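Quick one: the structure is below, and I'll ask about it shortly.
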Amino acid sequence: MNYHWNWRIFWEPAPNGTGTYLDMLLSGLLLTIETAICAWIIALICGSIVGVLRTLPSKTASRIGFLYVEFFRNMPLLVQLFLWFFVLPEVLPNAWGLWLKQMPNAPFFTATIGLGLFMSARVAEQLRSGIGSLPRGQKLAATALGLTTAQTYRYVLLPMAFRIVLPPLTSEFLSTVKNTSVAITIGLIELTAQARAMQEFSFQVFEAFTAATVLYLLVNIVVAVAMRFVERGVAIPGYITGK
Amino acid sequence: MFANFDFDVIRRSLSYLFLDGMTFTLTLTGLATVGALVFGTLLALMRLSGSKPLVWFAGIYVDLMRSLPLVLVIFWFYFLVPYIGQWLTGSSRPMRVGAFTSSLVTFIIFEAAYFSEIMRAGIQSISKGQPAAAQALGLTYSQTMRYVVLPQAFRNMLPVLLTQTIVLFQDTSLVYVLSIPDFLGAASKVAQRDGRLVEMYLFAAVVYFAISCIASFGVRRLQARIAFVH
Amino acid sequence: MKRLHVMGLVLAAAFCAAQAGAEELTGTLKKINETGTITIGYRDSSIPFSYLDDNQKPVGLAIDICYKIVEAVKKELKLDKLEVELNPVTSSTRIPLLANGTIDLECGSTTNNPDRSKQVSFTNTHFLTATRFVSKKASKLNSIEDLKGKTVASTSGTNNIKQLTEVNAARNLGINIVPAKEHAESFLLIETDRAVAAVMDDILLASFVAGSKNPDAYVISTEAFYKPEPYGIMLRKDDPAFKKVADEATAALYQSPEGQKLYDKWLMQKIPPKGLNLNVPIGAELKKAFAKPTDSADPDSYKAM
């Protein structure tokens, strides 16, 4: 393989004047994490609402939830980001569109919201199946105790359902982290984009991508380990997850 | 809002969008699904084989691929595949690999990790009595897998496999980052050339949405039928 | 695959027999001889050098030059048929794809600079251009200093974005740089007011402005980020035999009247797809570089005396 390896490249100064190539990659990692966490908050909030909607007795509510999930699930994330970034400001009234476009950090906000909504459909599906997996008796008992629907969800169903879906939600969160890289296409300079930029500036393709790979792996490991502790912490002894 | 909407730009580029772009996307989806299913099944068998090195290899492979963003993997392989080809064929220079082949290899290698997890669940869903009975009948391991376990695992997992295929179909749009003219790539080339982003991206969104919707509707029908038969 | 390989060997053997006494082929020439194909990397939107026309076929000055090189290669190898494959590249992928053998010639708008010369080779210079920025007249941005704190687009992987990044750091301007995948996308970001300016080679800027819906709304900065730099066709490094063929072909082209004719075809006449005329007469510097073809990466060597 006629490729000139140069692992010391990470300690060489990058042309952006803020430090070495390693600093460049780490700043990308930071942005990846920030974007993922903000998107995840949106995904959790919207996903929970829609997930609950889908399990409500009301036909209309469950239909709205269904349409929401189908809408966000049946389009590639990349296309959704393009819709938010390129199309939305153009179809809005001029002044609004201009305001949207000239926001500093527009790629960050677009990526956060676009990714958050995309992931929310998947969170909703997980939560729905979590609620669906609870024994019917729980809901019936809650009703028998005189709890309202809201109270049933708040005190009986959701606390159980969230514990059940914690492992799948962990992997959805990791998907969120990975999916931030799609925002490279709307100019978000996250980890993959920084690796690409490093490749362009330094011509060291494989070193740059190796470093990005290692950083993504680290994030995965840290999140997986942390979530295992969380799972253990919230487990109810003697019930499903708390064996 | 649609006052200066130019439908004509879509009509003019229809043949390019579908004959070139969509053909690329669908061929890539189809071949990658088959490849990833085969490779993924192999990985699943390795993982369940009980042989330590194989279990290790398959486990690390699947975990690694599932930890990485597809965009990064696409960059990796577009630059790496020719060197792998050189290494495999023992040639003196990197193998020339075109955009399509390179994307195909990338998607097979990446999606195999996901397909392998599905097939593993499928194989584990078969009751232990079946392979035992097959062995009692004198079938070898490979015969047991081929004639007894895998067909059933495949059938049980068909809806999930098809759903993953829809995800794969959507994921192929990411080759956009390499300027390869898949459906979205083609749409964006027209969009940028003619300055018609709104029309082209909306149109692309509608097409992806329609195809995925119809496909997932089909999967749901299939699921209902399988559930009914059982 | 194996079959192809064997066939290639047989073909190669046949040619060796035919060219008894000819020196042994190496590098790219050997590869082209064995496979009977040469792969050209083209760009989506480097107007008028390498871009897609109405039928999504790559055209442009650099593409025409490359076809001349292909002809020369065909002649050199005494091939009856030489298949030309086309592979899209971006500013970001062109160098790795050239290095890994996906493309053999990169026919786009690639600046030949000392940094890149360490990685790749270039044939004789076919154009000179400087990095400048375009902005809407209404935003009244005259100098690089005016970009302070603003959002500015540039194409990732170009030396434009590198120069912008370096100037940004050196003069502490705090410019928010948005990298785009392709030149067309960079221009689109300013057209749609996502960015207040786009930094690119001035010739590309001129062609985007001319092709835009309202050319009068834009202005290209007089201040440049650096001296005018040469464009060349990019080749793999350390492949003197192939470079010699390409150099001879391009030198012959530029020195003949045909060179000027090609230049005029793309820069002085109407070009597809919209029938735009860029009207950029050949400068004294380039005229000199055409008369005395050179692959120098040093911008100072192009000064017209």
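Labels for the chains are A, B and C, by order of writing; each one numbers its residues from 1.
Following the convention adopted for this analysis, contacts are C-beta pairs under 8 Å (C-beta built on N, C-alpha and C of every residue); 3 or more make two chains touch, one makes a residue touch a chain.
Computed from a prediction, not measured in an experiment: that's the story for all the values here.
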item	value
Chain at maximum distance from subunit B, centres defined as averaged CA atoms	C
Of B-C and A-C, whichever chain pair has more C-beta contact pairs	B-C
Centre distance in Å when subunit A and subunit B are each reduced to the mean of their C-alpha atoms	21
Length of the line joining the C-alpha centres of subunit B and subunit C, rounded to whole Å	35
Chain centre separation in whole Å, for subunit C relative to subunit A (CA means)	39
Multi-partner residues of subunit A (at least 2 other chains)	3, 86, 90, 185, 196, 205
Subunit B: positions in contact with at least two other chains	79-80, 83, 86, 94, 177, 197
Residue numbers of subunit C (touch at least two other chains)	96, 99, 181, 192
Parts of subunit B lying in touch with subunit C, wherever the complex brings them together	16, 20, 78-83, 86, 89, 93-99, 102, 177-181, 186, 189, 192-193, 195, 197
Subunit C contact footprint on subunit A (complex, rising order)	3, 15-18, 86, 89-90, 98, 101-102, 104, 106-107, 185, 187, 189, 193, 196-197, 199-201, 203, 205
Sites on subunit B touched by subunit A in the complex	1, 64, 67-72, 75-76, 79-80, 83, 86-87, 94, 166, 170-171, 173-174, 176-177, 184, 188, 197-198, 201-202, 204-205, 208-209, 212-213, 216
Parts of subunit A lying in touch with subunit B, wherever the complex brings them together	1, 3, 70-71, 73-80, 82-83, 86-87, 90-91, 174, 177-182, 184-185, 192, 195-196, 205-206, 209, 212-213, 216-217, 220
Complex contacts: residues of subunit C adjacent to subunit B	1, 5, 27, 31, 35, 37, 39, 44-45, 52, 55-56, 85, 87-90, 93, 96-97, 99-102, 181-182, 184-185, 188, 191-192, 212-213, 273
